[in-house]
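In the two complexes below, subunit A is the common chain; its partner is subunit B in one and subunit C in the other.
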Partner chain A sequence: MKHSASNWITDILQQQDLPPVSDWLSELRRKARDQANQLPLPRRKQEAWRYSRVDALLKQSFTPVVQPPNGSGLEMPQSLSPHVLVFVDGWFNPALSRISDLPQGMVLGSLREHLDDASVKAHLGSLANSGENLFSALNSALINDGLLLKTGTGTEVESPIEVFYLNSQAEQPLLSQPRNLILVEENSKLTLVEHFLPGMGNAYFHNSSTEIHVGEKARFSHYRIQDEATDAWHLSNIHLVQAASSHYHGITLSFGGKWARTEYKTRFAGEQAVCDLRGLYLVGDQQLSDFHLDIHHDQPACHSREQFKGLLHGKGRAVFDGRILVERIAQLTDAQLTNDNLMLTRDAEVDTKPQLEIYADDVKCSHGTTVGQLDPQQLFYLRTRGIEEQQAIHMLCAGFAGEIIEHMHLPHLREQAGERLRRTLDRL
Partner chain B sequence: MSAKQDSVDDLVKAGYEHGFVSQVASDTLPPGLNEDTIRFISGKKKEPQWMLDYRLKAYRHWLEMNEPDWAHLRYDPIDFQEISYFSAPKKAGDGPQSLDEVDPELLATYEKLGIPLEEQKALAGVAVDAVFDSVSVATTFRKQLADVGVIFCSISEAVHEYPELIKEYLGSVVPHTDNYFAALNAAVFSDGTFVYIPEGVRCPMELSTYFRINEAKTGQFERTLIVADKGSFVSYLEGCTAPMRDENQLHAAVVELVALEDAKIKYSTVQNWYPGDENGVGGIYNFVTKRGDCRGDRSHISWTQVETGSAITWKYPSCILRGDDSVGEFYSVAVTRGHQQADTGTKMYHMGRNTRSTIVSKGISAAHGQNAYRGLVRMGVKAENARNHTQCDSLLIGDQCGAHTFPYIEVRNPTAKVEHEATTSKISEDQLFYCRQRGLKEEDAVSMIVNGFCKEVFNELPMEFAVEARKLLNITLEGAVG
Partner chain C sequence: MLSINNLHVEVEGKEILKGLNLEVGTGEVHAIMGPNGSGKSTLSYVLAGRDGYEVTQGEILFDGKNLLEMEPEERAWAGIFLALQYPVELPGVNNMNFLRESLNAVRKGRGEQELDAVAFMKLVREKAASVKLDEKLLKRSVNAGFSGGEKKRNEILQMAMLEPRLAILDETDSGLDIDALRIVAEGVNLLRSAERSIIMITHYQRLLDYIEPDFVHVLADGRIIRSGGKELALELEDKGYAWVLEENAA
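The block that comes next holds the complex of A and B.
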């Protein structure tokens, strides 16, 4: 076929010699593999890839990591949390991790070790569609390991769980593909922090897929901090389903990588659920940050709020595509989406596309978008108060970004994020 | 259901007011499209070779194109071989020299439509280039306009009389390669209007064309070209009605506007073509390419549209803001009810410095109507200090309809400022209650609220049109609420 997968995908799939897994998973892999061979390459003509070019990515060959890497040269990351999990090239690394006592019934660790678990069988692949695009097919075709988090009913975990995705040093660019499954069951309360860091790697492709089920009345805070290496590609594909009266609070900070894309697909399985999604992206020279949101209101009386802000400098490029779909049945939906972009330099570029698709009448939906530069009047005001220009710019940018950062309820994360922002602004 | 409600329902089902067919003997080409069809059309119009070449070039390009499928519309595929591409009302002799020579039945049709030519001469001060199906039959006020140097004639005439202007401007804003429907139009366009306003002239009256599709199974392929030379001003009105038909009729028009330095073009449309019956059968397919080019510095193009008709509307009046300090505006009210579908919006390409654009789009969906706003704002690299403000509001009446917003914003210049806002809601119970409490009937209250919702757009319409638009909106929405 004219548009079917080129050598890029066949090369990757050829190289591997996957360690065996249970039959049901082999079947899932095989199906995804067929899909990967059939699916078209992402091209600008396709609406989902209109602004984020993947040509450079498809020119690069990647080696999938099919055996657990030894993690040489890597150290256990600093963390205050009693639960620290480290994944190297997508594989769980017990030596670098520490898991303290967990509440009764809770499972936390490597997906690979729980493949025979009934709930894993029931949920893995139930949300993520491997036929969605080439990259999701690729992730499923080579499923090996990832994070498994299952709370059990009514579990409250006080301290946050911190997960670090690191990479090995390699001569050839590696393909890291964590496959995560998160089950926050009824009445549970939990905070998960995910850090995406280079480790020893520089040019690699992180292609993760995460499926999240939030049970009735459960509350899940999910913070994701992406600070990949300067030559890295990053693609996170997150599928979320929320039961009645549940609360999902997700914040993604996107700082690193040369091409970083986060896809969120959320839907509801019960009424009165609240989905709160926020994001901040900081992009500079040779960087592209891309957020794709697909918020599907298919239950009545749910509430969703999406707030994404971007700071662009150098030749940074940002893409934002957010869609709210309200089905006929989803009366009393309240959905609001905003995307604000601040361009600090001449050569920055922004493409933004907020969309509303509404089939129910008793709803409150809105979206707003702005693109602009710093307000000269605000700068002037600060200058008249004796503040140096550079300092004034910092203050205004910090204020702009602060609206996202302040929503993280963990003080050390807020500090880290603020520090990361300052570091970049100082260099300008 | 109350008796009052019943009478409203009767009114809603009363059918299409302008649905009548006048029996005028016409010169219609059998359905089908090939190079011979194009040669026939061109020959019929005694066009020069360069015009035929242009049409053939467009046709050959069209053959290689695919019909676009990205719009939020559902309709049966169009069979382009089932459409007749030429239909001209029979002319007396070599064409009428005055109204007396015009087919009386044709004139009667105009009367029914409420546009008696002679009356308009005296009353409204509007010059009408009445397009009956595809050929311009009569043009009024030609002399008065000629005195100030304004050219207002049919495209066919202009091809013969002003070939230099046509050669320079036709296809310069919407090239024949632009899109599927524009290519088709360039190949088979039957007729349309040409307007040229010379340097420094303020057109003494509002110019207007009434379109009317009258021949069963006939596609209407209008071509409009308006050129406003330096420092000139023109306000152009386009309004449409069509008789009731069972089969879907295709309409693929192209409108090109060119504004040179300091010129201003105001283009207003009221579109009320047959929307199909209450089951969604029939109705016009309206695929229109409209684009204005602000070629000169400080030029200004303003689009205002009120879209209440057509089964399918696919229309994106756009502005290319090439000149520095040029201004583009788009004001739109789109109403969909019954099974109507609209995918409409605008594109603003900011290329020059200090360019400004305003987009105000009001979508109203009732019954099974689907209404989508699709817009693009592009701030080019050189668009220093460019500004855009976009406001898209949707009103939903009933739980079977849909309202969608698909804005695209592309910014390549940090000094540019773009703001986009969109809201979707139903008519507020509080507002309705307040009006009812003051003794207003529910229908009146709804009509008042909806008119208020659309006010920003109606204010942009010329007076006569604003009145017509308000009336049209009220009739369209009556009975939709309850």
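The block that comes next holds the complex of A and C.
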């Protein structure tokens, strides 16, 4: 059955019978629903969608998961962390999770269980604008559950928190829509690791939305590892706001899915904040990976560094669209954006578009992109040292990717990422 | 050990080596000198097996085996080592891992057991000290951001680790000040042995003040036009290349 444009969204929205929530959230949902019904479908004519076709996605019908799934067939993922949270089809699954003792005042768990908290009411939807595009409207229209993380002020959490987004087995493709709210409050320090994995699912659409507020002098390390199923669609929408002198350190590794898009929208709410944003994508046949960054320097003396690297093999496709906007008020901004792509085959393809828009006059900004192949000189050098060609290629690819991976301060994540890379390269 | 007979090599259709002959015996140190563009670097790349160098005539025998049929890594296993004029930077490839991969690949290729982590660490520390390479450089990416002297010392460290039977030093003195040159030369001298042959390719005589050759050859226009003992280098220093070139033309 062929779906016309508006049918796609109405089909999804009418299928469900949402469990009731508080009035304020019903209102938020209703508003988003109206927007979803009115917003145009993403089209290639729109700049933000020019290179990442969504035609196939919009031809597929999806069933939203409106009741907590039982998580059958799923096991608690292996993790060294005392805090492991599992979300199945976007819903928190307590049976598969474990949360150890938390510092006084810290909240960690299911958003749904805290819908009446004042801070949830105050912050949910404050950054993510459901009118932005169809997918964010869709997420807001069906808000049910997601991750809630609120540190309280001056909280240092030593152990990283590990979150796993898994999927149920299903006859019809499911729509998984975690809605996450992360409040790293003043003077707090925290590391969060998010894993996006198939679980039992194969063809599903992960459409998550995450709002992050980093308070004054807070430090937040945020590692995201996307390794969805081969037939899955993945869209992550991340909204970030940073208060004065805060530090956000974010790394996204994009390995899986047939269509995976990550959108970052960041801005500052105070001076002297630092935003380090890094990403690595590995794509091959039947895969598209897409990063969209919107870095908004609207405060003076903030520092941002965006470093993204891609390894493309087979007929892999990637899109990188990174924009830094420096407002007139944002004097003394230091912003650097780079995107480097290593093409292992002739058939791989990347569209990269860095943009720098500067309205202040006393700033240090730069951007640069490269698209290249393995350097024959480097390969020759390794071979003269006795290393066989295939191994030399591995070493150079691992070295290329390593410049992103090395920034993850958790050794087990670096190892996992290295191992994941090796598995793919071994098959080439 | 090495026997080069009537070697003709083309690069991008242009003949660079035009009938080069050279015999290097076990344990001998040969210096190949010559003006720019004479084919010195081409010779070193052909010996190491770089792509893009087409041998149109002649042969190279290494221990009686046809070197030209071997891949670059197979030559390394057989005991050939090329210290590059411009050591390549490998961003993201850790120097220590690189040395370990390299040593174990060569050992495996030679049918020897791979070294375990402890034995490797011991060896690499000892060798790094012998070429006065700061251990901090072992933790960095290979050659990335190294000074000229550090890059050359890193090459000599690799040579010390791999213990080649034939080492080719391509313009190892280029870009080095006297102090750096002395350290590199000391490293090379430590590796001189009755089982190891060395070919030094250089434009200038000064390297030979520190590493004394048994034989000196002058390479010009793709051929060796004169060979002699170390005194030939001094004569060249004194009279310049023009002197041999003229004599040769006469």
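Throughout what follows, the second predicted complex is superposed on the first by the 423 of 428 C-alpha atoms of A that agree within 3 Å, B and C clash if a C-alpha of one lies under 4 Å from a C-alpha of the other, contacts with A are read in each partner's own complex, and residues count from 1 in each chain.
The criterion applied here is as follows: a contact is a pair of C-beta atoms (placed from the backbone, for glycine too) under 8 Å apart; a residue touches a chain by one contact, two chains touch by 3 or more.
Everything numeric here is computed off the predicted structure, so don't read it as measured data.
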Joint occupancy of subunit A by subunit B and subunit C, clash or fit: fit
Superposed model, angle subtended at subunit A by subunit C and subunit B (C-alpha, nearest 10 degrees): 70
Which of subunit B and subunit C A:Leu175 touches, first, second, both or neither: neither
Contacts of A:Ala348 with subunit B and subunit C, given as first, second, both or neither: first
First (subunit B), second (subunit C), both or neither touched by A:Leu57: neither
Touched partner set for A:Leu288, first subunit B, second subunit C, both or neither: neither
Superposed model, subunit A: greater residue contact from subunit B or subunit C: B
Partner chain(s) touched by A:Arg385 [first = subunit B, second = subunit C, both, neither]: second
Subunit B versus subunit C as contact partner of A:Met408, first or second or both or neither: neither
Lowest inter-chain C-alpha distance for subunit C and subunit B in the superposed arrangement, angstrom: 15
Touching both subunit C and subunit B, counted on subunit A across the two superposed complexes: none
Residues of subunit A that touch subunit C when the two form their complex: 375-378, 380-389, 391, 395-396, 398-403, 406
Contact footprint of subunit B on subunit A as seen in their complex: 47, 51, 312, 328, 331, 341, 343-346, 348-373
Interface residues, subunit B side, partner subunit A - complex: 70, 72, 379, 394, 396-426
Subunit C residues within the subunit A interface of the complex: 48-51, 71-73, 75-77, 81-82, 84, 87-88, 90-94, 97-98, 101-103, 105-106, 109, 141, 158, 162
